[in-house]
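Letters are used for the chains, namely A, B and C, taken in the order the chains are written, and counting of residues starts over at 1 for each.
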Amino acid sequence: MVDVFRHDVVIVGGGGAGLRAAIAISEAQPGLSIALVSKVYPMRSHTVSAEGGAAAVAREDDSLEMHAYDTVKGSDFLGDQDVIQYFVEQAPKELTRLEHWGCPWSRNEDGTVSTRAFGGMTTKRTWFATDKVGFHMLHTLFQTSMKFGDIDRYDEHFVTKLLVDDGDCRGVAALDMRTGEMKAVLGRAVILATGGGGKVWPFTTNGNIKTGDGMALAYREGVALKDMEFVQYHPTGLPGTGILITEATRGEGGYLLNSEGERFLTTRDYGVGTKAELGPRDMISRAITQEIAAGRGVKVPGKIGQYSHLDLRHLGEEKIDSRLPFVRELSRTYANVDPVHEPIPIRPVLHYMMGGVDTDIDGATELGGLYAAGETACVSLNGANRLGSNSLTECLVFGARAGEHAVQYIQGAAAGDEARFVAQVEAEASRVEELRGRRRGGEKVSKVRESLNDAMEAGTGVYREQASMAKAVAAVAAVKASYEEVSLDDTSKVFNTELIAVLELANMLDVAETVATAAVNRKESRGAHACSDFPTRNDSEYLHHSLVHHTPEGPRFDKKDVTLGVWEPEERKY
Amino acid sequence: MSTSTPRVDSMKPATPGPTRTAPPRPPDKFPSAGRYPAYLAFGACGAFLMISALVLIGAVWAVGNGEAAWNDYRELLSHPVFLVYHVAAFIGLTWFTLRLFRLFPATQPYRIGPLKRPADAVMVAGLYGLFFTVLAVGTLFLGGALL
Amino acid sequence: MSQETKTFVVTRFDPDKDEVPKTQSYEIPVEGDWKILDALNYIKDEVDPTLSHRWSCRMAVCGSCGMNVNGEPKLTCKDPVSNYGDTVEVAPLSNFPVVRDLVVELEGFMEKFKAVKPWIVVAKERAVEEGTTRQSPDELADFKQFSMCINCMLCYAACPVVSNEPDFIGPAALALGHRYNQDTRDEGAPERNEIFRDEGGVFSCSFANECSEVCPKKVNPAGAIQQAKLRNVLDWAASFVVKRGGKES
């Protein structure tokens, strides 16, 4: 028998979106019981690693319309304009609430909140707390969440399955990592807020926990994943580790240089115009990739591949220390470079997934009672390319909206047949029990994961080709087959991280499958999806979202219309 | 890894976790390695403070109880054990004070009253300067040079 | 890059099998720019998948991977392998009960953390429509350093008071409470100071300064606690003045 825990709403994931949803529910209807289930303690969530800032209109010279247009254009017209409109309206309110909750936003001399420039944004609208914005936002949210007594945390619980009966999601099966026992955590609504799946790729800014869990959980229950082909390469990752160097370095005035010391974004045409280093991420990542391909890359001793230089020296020590102290700490610790005296070697690094669980503007999915928010979700704010500093705000805006809407949903929602959910959890318990420490002929988890990483790097990089993407589809399928033979060593029930890794790997494989197959099906270049065989955007055939559904026979494709509005698609030039 | 058992289990939750845990170890270098000996010696210097305070109280008591008591008191102070004690206390308390001064900047907030905190080195240098000045003046005074 | 090997002596403990923790040695090749965490991940991936340790961001901000390395609490993703000789001992954080291998029990800390009310306490929450609060850069700087804690637990592992006084709230949590007390937006200092003055509060600290020595983020919890002590002493002294004044008027 598994233990059953009954709540009103179950949130999976304790990062920015999950915590914001929890607080929103607590405020919308005090007394509702909320389960916050996370595979790590919430302060470990990957929101913590975001550096540069969160976007919201704050200045006199800015407007909601400008923020909306920048976002639409940044998305290469694949963002839904009703969603974007709602987002820009809510953004200042959400960041203000965070200010009231104690977030240590950096300040102007007059005591107002300071903003900085960011890529693809017309004016300074990125709120920041030096260069550890995600860290401060996450800790502020987590600490604030503690004053709400109705939030029951299930820390270090790994969700293996959504509990679905008769088309409605009513809870999760969660593996208590401490005991190795499965629990039924029930609620009349479930909100997925588990972040993205950057660990599908080998060279990524993402932490170890970013394994696409929420996307895979929803996918396996028949919910569509949307726009999965769009993955963002951040222009500036450190050699070897892929550790993120924030776009705020360029927002504060940093330059990108090639091996000849040339500011190539100003001297060559990469489509960013006078924006130069403050162009959108997709274009700058392509520019760096092209510079390297043209033989103007920088070599770093002992590191694979070639790089460009990010030069901050002209900013001076005082500005670097006051505005970008974490960048200095990271560069010194992980690249052995002091940006005050030397340029930082960087190259494009996988950072973010624009795609995710298909939701409407309320965060609702096609499955009754199932919501998603944050990077896990694809509410279609970011379209084909996300603008830097929109995603932290997205976690807040759509985390809150999903929470509030879930509260409305449960008013009329029946709890369902508990016995049937418990039976599902018991089946999960046996499945996981069988998996733990099982000996098969195959390889270790780490080896299978490496094969997956290699396939995805080869097929879904900054530039993609039909042939390489098709190869990636086949390679992922092959890795999926080898997964069935994976061999495990750890038989312990207590804190079995090998077991968690193999469950995560299954999620990564599902995510990879949807990314590779969605990519091969989009025969155009749009935003972050740069297809060498089809180098231009093709609005007549591809101005639509791509949906991938899971079926026993393999992924199934559908299209979904883009919601246009004020702005008709036009050539995306800066 | 240290194998000594700790006296308490501070980080244990109010209700024990669901699986058996291994008991906590005290800090691996405690008490004999790393920075811990200095910390313990620093704390132990409190004994000098206490004894010296008692000695001072004794002086006050002696003064209030007539000349004989005062003479007895002075004789006690000139006992060799007390001389040794005074040398030890002098060295110990000097080190105690200097260490305290070295740690002092860490205790100071970003703003002290209306002023921004001075650089750490300035604070330490100031305190050291003050201490040695007082020590020098005191020595001269007790040595009779200033009378 | 020259290929050298090092021996990692790692503490192992499986509560299902081991009465007490034991050590296991792994001799592995290391790269010159590795951190201790890279070595542990190499062991996990290539040698022994049964080794359990927590980690995630590998960029010194999520706070998961604190361990004792050669007896000193370290954030292993930030601690270079090159700082050590041929043999490196990696053990779970001291002062914590051990769940398994290098994984320690965090629930005790979570209780202490919550005890200091680490959120903005106000009589009436401001409405969004009122806009943001004004706070000068100096007012921000009054608490900013103490808001940088990543909850990595190194300070608890190093603190000699933690291993002797069961009720001690401890460095990170006290520093966080002080952080909110110092924030111009907060009105909760009276409540927090009662906790600070209580058993296990700031006056249990004997200023070993170990917490600040081992802190990988330069939060300086020891400084925060001494400042909180001073503030509480002054508040206490002021309370007499205020009370007496009250009687006379």
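Just so we're on the same page, contacts are C-beta pairs under 8 Å (C-beta built on N, C-alpha and C of every residue); 3 or more make two chains touch, one makes a residue touch a chain.
Bear in mind the structure is a predicted one, so any value in this text is a computation, not a measurement.
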| item | value |
| --- | --- |
| Of A-B and B-C, whichever chain pair has more C-beta contact pairs | B-C |
| Of all other chains, the one whose Cα centre sits farthest from chain A | B |
| Distance between the centres, which are taken as Cα means, of chain C and chain B, whole angstrom | 27 |
| Averaged-CA centre spacing for the pair chain B and chain A, given as whole angstrom | 53 |
| Multi-partner residues of chain A (each touching 2 or more other chains) | 178, 494 |
| Shared-contact residues (touching 2 or more other chains) in chain C | 15, 99, 110, 144 |
| Per-residue overlap in chain B, given as positions that touch at least 2 other chains | 17, 19 |
| Residues on chain B engaged by chain A in the complex (per definition of touch) | 17-19 |
| Complex interface listing, chain A residues touching chain B | 176, 178-179, 494 |
| Contact footprint of chain C on chain A as seen in their complex | 40-41, 43-46, 48-49, 93, 96-97, 99-102, 104-113, 132, 135-136, 139, 143-144, 146-147, 155, 178, 207-209, 240-241, 243-244, 302, 326, 329-330, 333-334, 336, 444-446, 488-490, 492-498 |
| Chain C partner contacts - residues on chain B that touch it in the complex | 1-2, 6-14, 17, 19-31, 33-36, 39, 43, 103, 106-111, 116 |
| Chain A-facing residues of chain C, complex | 1, 14-17, 32-33, 44-46, 48-50, 52-64, 78, 99-101, 103, 106, 110, 113-114, 117-120, 125-126, 128, 131-137, 139-140, 143-144, 147-151, 176, 180, 183, 185-186 |
